[in-house]
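The following pair of complexes shares a single chain, subunit A, combined with subunit B in the former and subunit C in the latter.
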Partner chain A sequence: MTPRPGLVLEVDRSTPPTLFWHGERFVLERLPEGSRIIYAPEPLAALEDPVAAIRHALLHPLDRDPLPSLLSPGMRLTICFDDVSLPLPPMQAPDVRQLVIEQVLDMAAEAGVDDVVLVAALALHRRMTEAELRHALGDRVYDAFAPHGLLTQHDAEDPGNLLHLGTTDKGEEVELNKRAATSDLLVYVNINLVAMDGGHKSVATGLASYRSLRHHHNPKTMVHSRSFMDAPASELHSSNWRMGRLIADSGVKIFQIETTLNTDTFPSQFGFLQRREWEWNLRDRATYVATAAALDRTPPRIARQIFHSIRAPHALVSVQAGEVEAVHALTTANVWKQQGVEVEGQTDILTMGLPYISPYNVNSIMNPILVACLGLGYFFNLYRGKPLVRKGGVVIMHHPTPWEFHPGHHPSYIDFFEEVLSDTTDPVEISKTYEESFATDPWYVHLYRTGHAYHGVHPFYMWYWCAHALDHLGRVIVVGGDPAAVRRMGFSPATSLDDALEIASDVVGRSPSLTHLHTPPLLLADVR
Partner chain B sequence: MKALVFERNLPRFAASRLASTFGSGRGAAIGPLRLAETDPPALPGPGWTRVIPRLSGICGSDLATLDGRSSRYFEHIVSFPFVPGHEVVGELESGERVVLEPVLGCVARGIDPPCPACGRGMLGDCERIAFGHLAPGLQTGYCADTGGGWSHAGLVAHESQLHAVPDACSDEDAVMVEPVACATHAVCDANLEDTGTVAVLGAGTLGLSLVAALRALSSSGRIATPGALLVGARYPHQRRLATDLGATAALAPDQLTRAVRRRSGSLSVADPRPGRATGPLSGGADVVFDCVGSAGSIAQCLEMVRPRGRVVLVGMPGRVQVDLAPLWQREIRLAGAYAYGTETLRAGERVRTFDLAFEVVAAHGLGRLVSATYPIDRFEEAVQHAGAAGRRGAVKVAFDLRRANERRTGRASRPTTGGTP
Partner chain C sequence: MKPSRFPFAKPTWPTAVPRPAPERHVGLDYDHDWSRRYPVRLARAIVLDNVTRPAARLVATTTVRGTEHLRHVTAPVIFAANHASHLDTPILLTSLPVRFRHRTVVAAAADYFFDRHWKAVLWSFSLAAIPIERARVNRRSADVASDLLGNGWNLVIFPEGGRSPDGWGQPFSPASAAYLSRRTGRPVVPVHLSGTRHVLPKSGEPRLPRRSPVSVLFGMPLSPDDGEDARKFSVRIERAVAVAADEASSDWWQARTRHAREETPSLRGPEASGWLRSWALDPRPEAGRDTWPRV
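On to the complex of A and B.
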C-alpha cells in the first residue's frame, strides 16, 4: 500500500485528544477547535535490498568515477562517518553506516589498499563509546580496525592532526582533520536524517576545528539561516558550501555517500506513536494507557534508561554517492519526499511536544539547554519558506525540563547554565562575553579529548541554534517544566496547556490561531 | 533585672544537643539557657564601667554553645554561669552610646606587663585569657565576672573595650560592628593579592560582612584588590546581598567550586561523575574564606584553593573530621581568623580593627543585615529564628533591650535601618 502523505488536520469537536511528547512521558491534550495539527507522512517503503542499492550507488556515482576505479595499492584512504548524533533514535542493527562501510572496505581490499583509517566525524561532539562504535560500524569492522589504532575519532583540539587549508573569500578559515585532508581519497559516509545534514557540511563541519567552526556557528549566521532545513536560505549552509568548495579546490578528493532513512521511528510496541490518534485501534489505546500509566510510576532515571534503549526500525530508502553537491541535491529531494508536508500560512501559536532525545543526548540526559535547542533550534526550524509561527508569535513546548545535567557528557553546559545564562540570555552578548573563555578552557579541552565530553563551546552553539527563534518569537512557554530552569533561560513556565494559552494571550490576543507540530516522527513543513 | 544566664548543667546541655539535631536553636527552651532575675555585675576594678545594652546580636558561636555543639576546647577559657552576648551596642551611664570590643585581654584583666600579643595590639591572640583578676573567659559574654549583652542588668566593660558610636550610626549599624570586625580581621590577615581569585564559602553574617569588608578596604587601596570575589551562598537573599555588597558572583555552594575552577583556569583532578561535576581542583583560588566551619565546608575549601594557597577559617569550627591529604600534598596554608586587634595595612599603616569595622559598616549601611529583633523574654523564638536565619530569609537576629532602657532613661529611640521584628 502506498504510504500516505503528511496531513494538516483542522481540529473540530470530533477530534480526539492529541498526543504530546513530554520528555520520557506522553500526555494527551485537547486542542482548541480550529487548531491545526501537522502530521508526518507515513514511512516510505524500505529498499528491498539495501546492500545491492549501496553497491549500485558506489559503482554508479554522480559526477565521479566508480569507487573501485578511485582505489589503488599504496594510496591513503580515509573513511569518515557521521557520529552518534545520527540517526535518532539509534537504528536497529545493522546500522546503515556499517552496511556502507563494509562495502567500501571490501572494494578497498579488492583494490589492494592497505592504508585505511576510519574517522568518526565528531566536530566538537563527544567521543563515542566502544559500544556506540560497535553499534554504528558492526563488530567486524570494529575488531578489524580499533585494536590497531586505525579506528579514530576526530580530535578538533589535536594541533598535530589539523591542517589549515586556507581562507574563503569571506574570511572563513578552513582547518580540517589532517589525516582526512591529506589522504588520496576521503570517503564520507552520511546519514541524512533531516534536510540540514550532509552536503559540504559533512566534511567542513564534521572534521573541522573550533577555529574553523566559529565562522558559521555564531549568532549572526544562525539568525540568518531561515531555515537550517532549507540550504539555499541558510547562511549556515552558505558558509559550509564556501568552505567545501575551498576544500575541493585545495585538492582534497571527497567521495560522498549519503543515505536517507524512512520515518519508521519506533518499534511495534510503541506503534501508537506512529499513528494518528483518530486511527488508534483498541490495541493502540490499550498500549497508550498502559504505557502512560507505567511511565507515570517509573522514576525518571529508569524511564530514561528504557527510552534510550529503544532502537528505531528506520529503514534505508535511498543511497547516493559521488560528488558532494550532486549527491546532496538528490539526498535533499529524498528527505523532503519522506518528510515534507505542505502547510498554508503561519500561525500565532506553535505547540510542540518534545521527546526524550535530541542529537546531543543520545544515552545521556536531556538538559535544559538541549530542551531549548530541540524546540527552538530544531523543531522551530523544521520549515521551508517561512516559519510556521508568525513573527512575534508564541512557541509552547511540552517538556519536564529538569535542572539536570550529565556531568561527563556536558560539563561545560553546567557552567554555561549557571554562569552565563544567569547573566544574560542574549546570544550576541553571550558570544562576545563568554565564548572564548569556554572554548579555550583547558579542563573542557581535556575532557573533550580524553573523556566523553562535548567541547567547552558546545552549549554556546546550542544556544546560538535558538537565535533565529529567539529573534523571531514574542514568547516561549514551557508546559510542565522545572520553573527555575525554564526561567533561567528566559522562558515562561506553565503548569498546563490551558495555563500556557492564557499566558500566550498577553502576546497573541484572545483568539489566536494555533498549530501543533506532531513530531516525532520527523516532518518538514513547506510553509506557503 | 532580667538577664539570660547560661549555666553548667549537663542534663540540660544534653537535652539541648539532642534537640538541636532537629535544627539549630531548637534546644533553647530546654537547654542550659534560662531567663533569670540578676543583679548587675560588680565593677572588677579601676577603669571599668557599666554598659546598658541596647541591641545585642546572636552570633554563630552563641548558637553553637546553646546547641551543645561547641568544642570542649572552650571549657577552660570560659567561666560559668555567664550571660551570653558579645555583639553589643549599649550606653554608658552618661548616655553615650558605645560598641563593646568583647575580647578580655591583658589590659582588661589587669595583667601588666601584657603578653607579647597584647603588647603588639593583637588582642585576639592574648595568651592570658584565663588569668588575671577576672574569671576565665575569652570574651565578655563567656565570662562569669563581666555579664553579657543579653541582659537588662547590663554588663561591665573595661574602658579599653569601648568604642564611641558616632551620632550618624544607628543602633542596628552599631551592633554589626563586632561581627564586621571579625570579618575585617580575616580579610586584613589573609595576604590577599591584586588580581587573585578569592572565594567565600557561606554568606551568613560573617560571609556577608567579609564581602563588605574586602570591597570597602580594597576600594580605598588599603588592602589588595582581588580580580574576582566569588561567594557560595545557600539562600537566594544571601546571594542577592552578596552581589549587592560587591561579590563578582554569588552562587549556590555546590556551584562555587566550579566557578572557582572556571575563574582560575584550573583543571579538576577527578573526572566528572554523576552527582559530582567537579572534583578537587588542580589549581584554584588564592584565598578561600570558610564562613561555615563544618567538616563539609572545610573539605570543599581544601578542594578549591590553589597549591600553597590559603584557607581561612572564619566561621567557628568544632570537632570535625577532614581529610588533610590535599592540605599536605598541595602545601595549603590553613589559618584561623579569630576576633580582632590591630591590623597592619598595605602601606604599613596600623589601625585598630574596630575603627576599620566602623568604616565598613558605614560604607555599606550594614545595619540592614539586622533582620529581626526580639525582647529577651522571647529568647526561645529569637534563638530559633537565629538558628534558621538563612532558611527564614534573615541574616542577623538580635535582642532589643532598648525599650526598657529608654523607659528608664527617658531617651528617644534612634533611627534604625530596617529591622523586621
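On to the complex of A and C.
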C-alpha cells in the first residue's frame, strides 16, 4: 500500500488524547479543541535490494566517473563515515555504512588499492567504542582494518594529523584531517537522517578541527540559520559550503555517498509509537498500557538501558553517489519526500514530546543541555520557510530533564551547567566569556583524545544550537522536568500541560493557537 | 462530553479525518492458520466426534462403504466428491477413517463461507475450512491448498464448485482436484455422496433438515498418468465418482461391468430439460422404520 502523506489534524471533541514522548516514558495528553497536530508521513517502502542499489550508485555516480575507474594500485584511499550520532536510534544490523563500505572495499580490492584507511568523522564528538564501530561497520570490516591501525577516529586535537588548507573569502580557516586531505580519493559515507545532514557539511565539519569549526558553530551563525533543515536559508550551511568549495579547490577529491532511510523508527513491539492514536488497535492499546505501566515502575537507569538497546528497523530508501553538491541536492529531495509535511501558518504555542535520545547521548544520559538542544536546536528547527511558532511565541517541551550527566561522555557539560549557565544563559555572552577556556582546557582535550568524552567546547555548541529558538521565542516551558535543572537553563518548569498552558498565557494570551509536533517518526514542516 | 477512557477503550475517530473503508480480512484474505494449531485441532476433534457426528447421524442415517480403498493409501490425499447439499461436508468429514478425519481441511467457497468474519471463524473452527476461489484458478488459493497438502493435510474438495441446483451433477472443474493432484503429486480419492439433497437440499430459504438415509462411497485412489493434463484427469475423476454413484445405487460388480463397457450413467443426468430431468432423479426414500438414528 502506498504510504500515506503527512497530516495536519485539527483537534475536535472526538480526537483521542495525543501521545507525547516524555524521556524514557510516554504520556497521553488531551490537547485543547482547535489545536493542530502535525503527523509525519508514513515510512516509505524499503529498497528491495539495497546491495544492488548501492552498487548501481557507485557505478553510475552523479557528475563523477564510476568509482572503480577512480581506483588504481598505489593510490591513497581514505573512507570516512558518519559516527555514532547517526542514525537515531541506531539501526538494526546490517548498518547502511557497513553495506556501503563493504562494496567500496570490494571495488578497491579489485582495483588493487593497497593503502586504505577508514576514518570515523567525529568532529568534536566522543570516540566510538569497539562495539559501536563493529555495529556501524560490521565485523568483517572491523577485523580487517582495526588490528592494523587502519581504522581510525578523527582527532581534532592532533596537530600532527591536521592540515590547514586555507581561508575562505569570509575569513574562515579550513583545517582538516591530514590523512583525508592528502589522499588521492576521499570517499565519504553519509547517513542523511534529516535534511541538515550531508553535503559539504560532511567533510568540512566531520573532519575539521576546533579552529575550523568555530567559524560556523557560533551564536551569530546559528541565529541566522533559519533553519538548519533548509540549507539555502542556513548560515551554518553557507559557511560549510564555502569551506567545501575551498576544499575542492585545494585538490581534495571527494566521492560523496549519501543514503536516506525511511522513518520506520521503532520495532513492532512499539508499533503504537508510529501510529496515529485513533488507529490504535487492541494490541496497540494493550502494549501502550503495559509498557507505560511497566516504565512507571522501572528505575530510570534500567529504563534508559532498555531504550538504548532498541535498534530501529530503518530501511534504506535511496542511495546517491558522486560529486558532493549534485548528490546532496538529490538526497535532500529524498529526505523531504519522506519527512515533509505542508503546514499552513504559524502558531502561538508549539508543543513537543522529547524522547530519550538525541544525536549526542547514544548509549548515554540525556542531560539537561541535550534536552534543550533536542527541543530548541533540533525539533524547533524542523521547518522550512517560517518557524512553526511565531516570533515571541512559546515552546512547551515534555521531558523529565533530570539533573544528571554522564561523567565519561559529557565531563565539560557538568562544568558548563554548574558554572556557565548559573551565570548567564545568553549564547553571545557565553561565547565571549567562557568558550575559549573550555575549548582549550587540557583536561577536556585529554579526555576527548584518549577517553570517550565530547570535546570541552561541545556543550557550548549545544547551547548555540538553541540560539535561534532562544532569540525567537517569548518563553520556553518544560512539563515534568526537574524544576531546578529547568530554571538553571532559564526555562519555566510546569507540572502538567494544563499548568504549562496557564504559564504560557502570560506571553500569548488566553486563547492562543497551539500546534503539536507529533513524533516519532521525524517530520519536516514546510510552513507556508 | 464524556471523558474518553482511551487507551483502555477504543480511540474515538477525529471528525476531520475521513474513515477509510474497513480493511477486509475475510474471503480469500482470511487468515486461517490459527485453525490448525494444536489446541484448536484438539477442540475441533472433540466437537467433530461428539457434536457434529451425532448431529449428522441424527438427521441422516449414514452408510459408509469403500473405506477398504483407503487402507493402503498414504496420506495426504485429496477427497473429491460430488456436491448437492451443505450436509455433504459434515457427513463426509465424519465418515472419514480416524487417521484422516482429524487432519483434513475442507476447501470452501471464499465468497460464501468466508464473506463474514463470524462465518469464517465458525467454519474454520468446526470444519477446518479454508477459503477457495471457486470461479477460476486463483494462484493464492491454489498455493494455500498445495502448501497444506505439502504439510501433510488431507483436503476435501468439491470439484463441481458448488451445490447442484437441480440434484444432478455439474461438470468437474479441472482447476480443483485434478490441478492440485498434478501439482502436488498426491492421489485423488473419488467419493460419492447420495441422499444428502433429501435431507438438506439447495433452496433459497433456510429450512430444517428432513431425516433421510445417506450413503458415502469411497472409490479407488487415482493419480494422474504421465502426460495426462488436468483437464483429462478431471474427466477421469468425474467418471470415477460416477462409477461410485452407480455402485451406490446397484452393487460393486454391476458398476464395474458397466464401467468396463463404458455404460456408467453420467452424474449430470439425462440430456433433457425441465421436469424430465427432475423426473429422472431418485425419489426421496420413504421414511424407514428406524425411529432412532444409528449413531
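The criterion applied here is as follows: the second predicted complex is superposed on the first by the 528 of 528 C-alpha atoms of A that agree within 3 Å, B and C clash if a C-alpha of one lies under 4 Å from a C-alpha of the other, contacts with A are read in each partner's own complex, and residues count from 1 in each chain.
Note that in this section a contact is a pair of C-beta atoms (placed from the backbone, for glycine too) under 8 Å apart; a residue touches a chain by one contact, two chains touch by 3 or more.
Everything numeric in this text was worked out from a predicted model, so none of it was measured.
> Using the superposition on chain A described above, determine whether A:Gly271 touches subunit B (first), subunit C (second), both, or neither.
In the superposition, A:Gly271 touches no partner, neither subunit B nor subunit C.
> Please work out whether A:Leu28 is in contact with subunit B alone, subunit C alone, both, or neither, and reply first, second, both or neither.
After superposing on A, A:Leu28 lies in contact with subunit C but is clear of subunit B.
> Give one of first, second, both or neither to describe whether A:Gly408 is in contact with subunit B, with subunit C, with both, or with none.
First partner only.
> Name the contact category of A:Asp12: first (subunit B only), second (subunit C only), both, or neither.
Second partner only.
> Answer with first, second, both or neither: which of subunit B and subunit C does A:Pro483 touch in the superposed model?
Neither: A:Pro483 stays clear of subunit B and subunit C.
> Show me the residue ranges of subunit C that touch subunit A in the complex, using the header's touch definition.
Where subunit C meets subunit A, its residues are 1, 4, 6-8, 10-17.
> Where on subunit A does subunit B make contact in their complex?
The touching residues are 405-408, 411, 414-415, 418-419, 437, 441-443, 446-447, 451, 453.
> Which residues, counting only subunit A, touch subunit C once they are in their complex?
7, 9-17, 28, 30, 277-280, 284-285, 288-289
> So in the complex, the part of subunit B that touches subunit A is made up of which residues?
249, 251, 255, 258-259, 261-262, 265-268, 271-278
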